[in-house]
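Two complexes are shown next, each including chain A; its partner changes from chain B in the first to chain C in the second.
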Partner chain A sequence: MNPVLIVGRTMFIRMLRDLPSLIMLLLVPLVLIAILGSVFSWVPADIPYMRGVASPMAFFAAGFLVMFQLFGGGYSLTYVKGALFSPMRWRLYGLPCSPGAIVLGTVGAATLVSLCQGLLVVLVTGLAFGVDWGSLPLVVLVLLAVTLLSQLFYLTMLLALRNQGTAMTLGWFFAYGSCVAGGLIFPLPVERPFFRFLATYGNPYSLAQTALREGSPQNNPAVATLCLAVLYAAAALFALLAARLAKRKLA
Partner chain B sequence: MTVFRFALRRAFRDPLNLLLVCALPLGAAFLPSVEGLGLPLGFQMYGAIVLFDAFLLLRSVVDDGVSGVFQRIGAAPLTPLRYLGETLLAYALILFVQNAAMVGLGTLVQGGRLPAPPLLLLAYTVFSLTSLSISLAGGALFRDRDTAYQSLSAFLMVLAMIGGLFWPLEIMPPFLGRIATITPCYWLVEAVDTLRRNGPLGHYALSLAVMVLFSIAFLLVGSRRRLV
Partner chain C sequence: MNMANLSDAVKRYDSVLALDHVDFDIGEGEILGLLGPNGAGKTTAIRALAGLLPLDSGTIRLFDQEQHPGRRDLKRRLGLVTQEITVFEDLSARENLEFFAGLYGLRGAELRRRIAETLEFVGLTEYADLRPRKYSGGMKRRLNIACALTHGPELLIMDEPTVGIDPQSRNHILESVRTLRARGTTILYTSHYMEEVEALASRVVIMDQGHVIAQGSVEELVARLPYEERVHLEVGEPSEAFLARVRAIHGVKLVTMEGLVITVVSASGSDNLNRVVQAAQGHGGLRSLMEDKPDLEDVFLTLTGKSLIDPAIAGSGKVHKRRVNGDGGEA
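For the complex of A and B:
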């Protein structure tokens, strides 16, 4: 069996047994969506703060789904750090498996776990809260793009800085910053062109939201395709960066 | 004040950390006003920034608890109370300087839209102490670093949401409004809102007093394990 697949399978099982992370990335978003969706459903949509949002439940479901996918990169960071930036690395170097295969297997497993968690959130919010997600293949493509970008961003930060604490802090800024700049937490002054761009295309959160919103045939699928292309291109860029850094730092 | 100096040096050792924790949040002072929010956008979200900054600074104390530094302090000619007190004082000073810079910048950029800058600075400073004590109490509950980080960041987010740091308290339903009053964030929002509405100073002082009481309670919880 290919070493990458062996590492991937082992890491996948380890990540599924990581209870605190499962609670953080699966239960917390579901609880937040349930509470905030029902709380804000009684607020009139025409007050300035609600930005004309017709269905608060759908707004918070899509928002928190993407937000927690952006946090999912913590999986890659924690497990690559545990394997290759700790005394464990010397034991792993003794195996007939290259450090590159370990990194690739870990990122693959982390992407799969994070994607499964996102799909569970989609399933539960669709069945229990009646959120209309539209086309499922589009949702899967958006989730895959966001989680891949997040995993590769966290990994690049770890490889560049070799310090888990600082890399994690940068990851949080990346995730929270995207959500704030995308208008999940506060309404942005979108009447100004700069903030309108920021809330539509300016960061991973906005790109994912625009792709989910515009993806249906009655809206603008071309815009959704463009947003997805930008997200995958950003993920490819971080993959190249991570590969270069890994070659230098894990050799 | 050896520990105080060491804590400051430790916080400033990583320039990236310094940039992320102290410098980057100051960019919020330049954000414009949004219809429906009482304060300029940056000041509306500044309470949440302080809450998370305190958590990022306090991570070193969580690390010390997990890595066994506290056991070594027990054998050193230094009381845990002094270690904790001087460390918290150092982090409170960093947050105070950041608050002063934020309010100073805000006064320059936003002008009259910022109510009573000295009193606003006092409210943010008291809230900084409360935020530090919340993170200290939260960190003391966990023995594993990753679990502590993940659980605390999720808890702080929920606290900020319920406490009214992310959206105006007026749009919350009454039952959530009542729950909000038992969070320290609510009292920061109340203090700032009193200043914005030019309300009675007694109301402002009461909000600050409640935040101080919260700080004392969380400090007692957070330092309990350290003192034995």
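For the complex of A and C:
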């Protein structure tokens, strides 16, 4: 078996056994969706926060789904740090495989775990709360784009800074900042063009939300495609950056 | 044939010269003990040998080929037991071995057979499916060793494999090292514990501040010392006649008595212990006996003017000198 696959399979098992992360990235979003979706179904639909929102449950489901996917990059950061920036690196460097294979396998496993968690959120909210997710392939493509971007962003921060704490903080700012700029945390003054752009295309959260919203045939699939293309391009950019940094720092 | 050879190896970390023109060989089938205090350069030498670090200058040859960090083919023939415990705590022992051995290229039935053999060898078969976080320190150390053994390395590099463990696990590990050697594995063994190196190694390299300051067999190194042998004993009936009898033994240079303790100083290599014990038989027999022979610690002390024993770990190693009861048993 290819070393990348061996590393990927092992890291996947380890991540599935990581209970605190599973609670944080799977249980917490489901609980938040359930509580906030229920609470806001009882408040008047014309409050600023809910203006233009067809279903509070769908709004929070899509919002927290993307938000926690953006936090999912913590998997790559934690497991690459544990492998190659700790005493474990001496054993791993002593193996007849490259550090790059270890990074690739770890990021692959982290992407898969995060994607599975996102799909579970989609499944549970669809079955238990009646959220209509529309086209499942589109949801998978959006989830994959967001989680890839997140994994590669966190990895790039780790490789650039080597300090897990600072890299994690920057990752948190990236994820939470996107959600703030996307209007999940509080309503943005979208009547102003700048904020309208910010809330529609201006950050990963907004791009993912726009892709999910516009993806159905009755809306504007071309816009969804554009948003997805931007997300994948951003992920590719961070992949290139991470590869350059890895070549320099893990040699 | 040499399995490994460091030649004129130099490695610098900023202003610190970790390896200063280091030379040593590891012969096929031998256990080479690498001794030195913290900061001596042992771990850097090991990492360079294992292809984990590039040298600034000098060469390393493994299995008659040049070693450098890109040589994956040579890494396949090596096993590295790291000083820190480097196993995944969230994987069982079996899963850890599957992972590491898989990356060494073992597959299928061969992989399963080697894992079963290795678990048996390190005494972890019963605990194979438990995660190491439930293991004792000694069991974790044994798993740490197992991860470097499953693929059957020709050269095993062990960096302080017994730090911080109970005597039972230490004995198990030392016995395993002897067994590996008997099976033909060449071993580079570093330790702070001199009695381990004395007991295991066919040759010893002593390092200090990046230099090799001495190398040879333990006997050769000790023989170079200008030391005298000392025996401290108590007999049932101490008397001038006994002291005179001991003074007459060949090689004895000085006999003194302080309180009830008689000290016998002999020339190095006299090996007078048995003769002194025999002499005591006619004088009420032995009450206690302590032999004060020069050892690697004395070698190191003489060469560097400082003790090899790290104060932080002193006391966790051996009882440095041998004390014998009157009945001849060790105390």
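Note that the second predicted complex is superposed on the first by the 251 of 251 C-alpha atoms of A that agree within 3 Å, B and C clash if a C-alpha of one lies under 4 Å from a C-alpha of the other, contacts with A are read in each partner's own complex, and residues count from 1 in each chain.
The rule is simple: a residue touches a chain if its C-beta (ideal position, glycine included) is under 8 Å from a C-beta of that chain, and two chains touch if they have at least 3 such contacts.
All of these numbers come straight from a predicted model, not from anything done at the bench.
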Just from the overlay, do chain B and chain C fit on chain A, or is there a clash? fit
Once chain A of both complexes is superposed, is A:229 in touch with chain B (first), chain C (second), both, or neither? neither
Contacts of A:21 with chain B and chain C, given as first, second, both or neither: first
Now for A:128: first (chain B), second (chain C), both, or neither, which partner does it touch? neither
With both structures placed on chain A, which of the two partners, chain B or chain C, ends up touching more residues of chain A? B
So, does A:39 touch the first partner chain B, the second partner chain C, both, or neither? first
Between chain B (first) and chain C (second), which does A:78 come into contact with in this model arrangement: first, second, both, or neither? first
Figure out whether A:172 sits in contact with chain B (first) or chain C (second), or with both, or with neither. first
Taking the superposition as given, does A:3 touch the first partner, chain B, the second, chain C, both, or neither? second
So, A:187: does it touch chain B (first), chain C (second), both, or neither? first
Just how close are chain B and chain C at their nearest CA atoms in the overlay, in Å? 14
Residue ranges of chain A in contact with chain B within the complex: 20-21, 24, 28, 32, 36, 39-40, 42-43, 47-50, 74, 78, 161, 163, 165-166, 168-170, 172-173, 176, 180, 185-189, 192
Give the list of chain C residues in touch with chain A in this complex. 47, 50-52, 69, 72-73, 75-76, 78, 80, 82-84, 86, 88, 90-91, 95, 98-100, 102-105, 107, 147-148
Chain A-touching residues of chain B, taken from the complex the two chains share: 14, 16-17, 20-21, 24, 32-37, 41, 44-45, 48, 52, 56, 59, 63, 144, 146-147, 149-151, 153-154, 158, 161, 166-168, 171-173, 176
Considering only the defined contacts, which chain A positions touch chain C in the complex? 1, 3, 6-7, 10, 13-14, 17-18, 87-88, 90-91, 93-97, 251
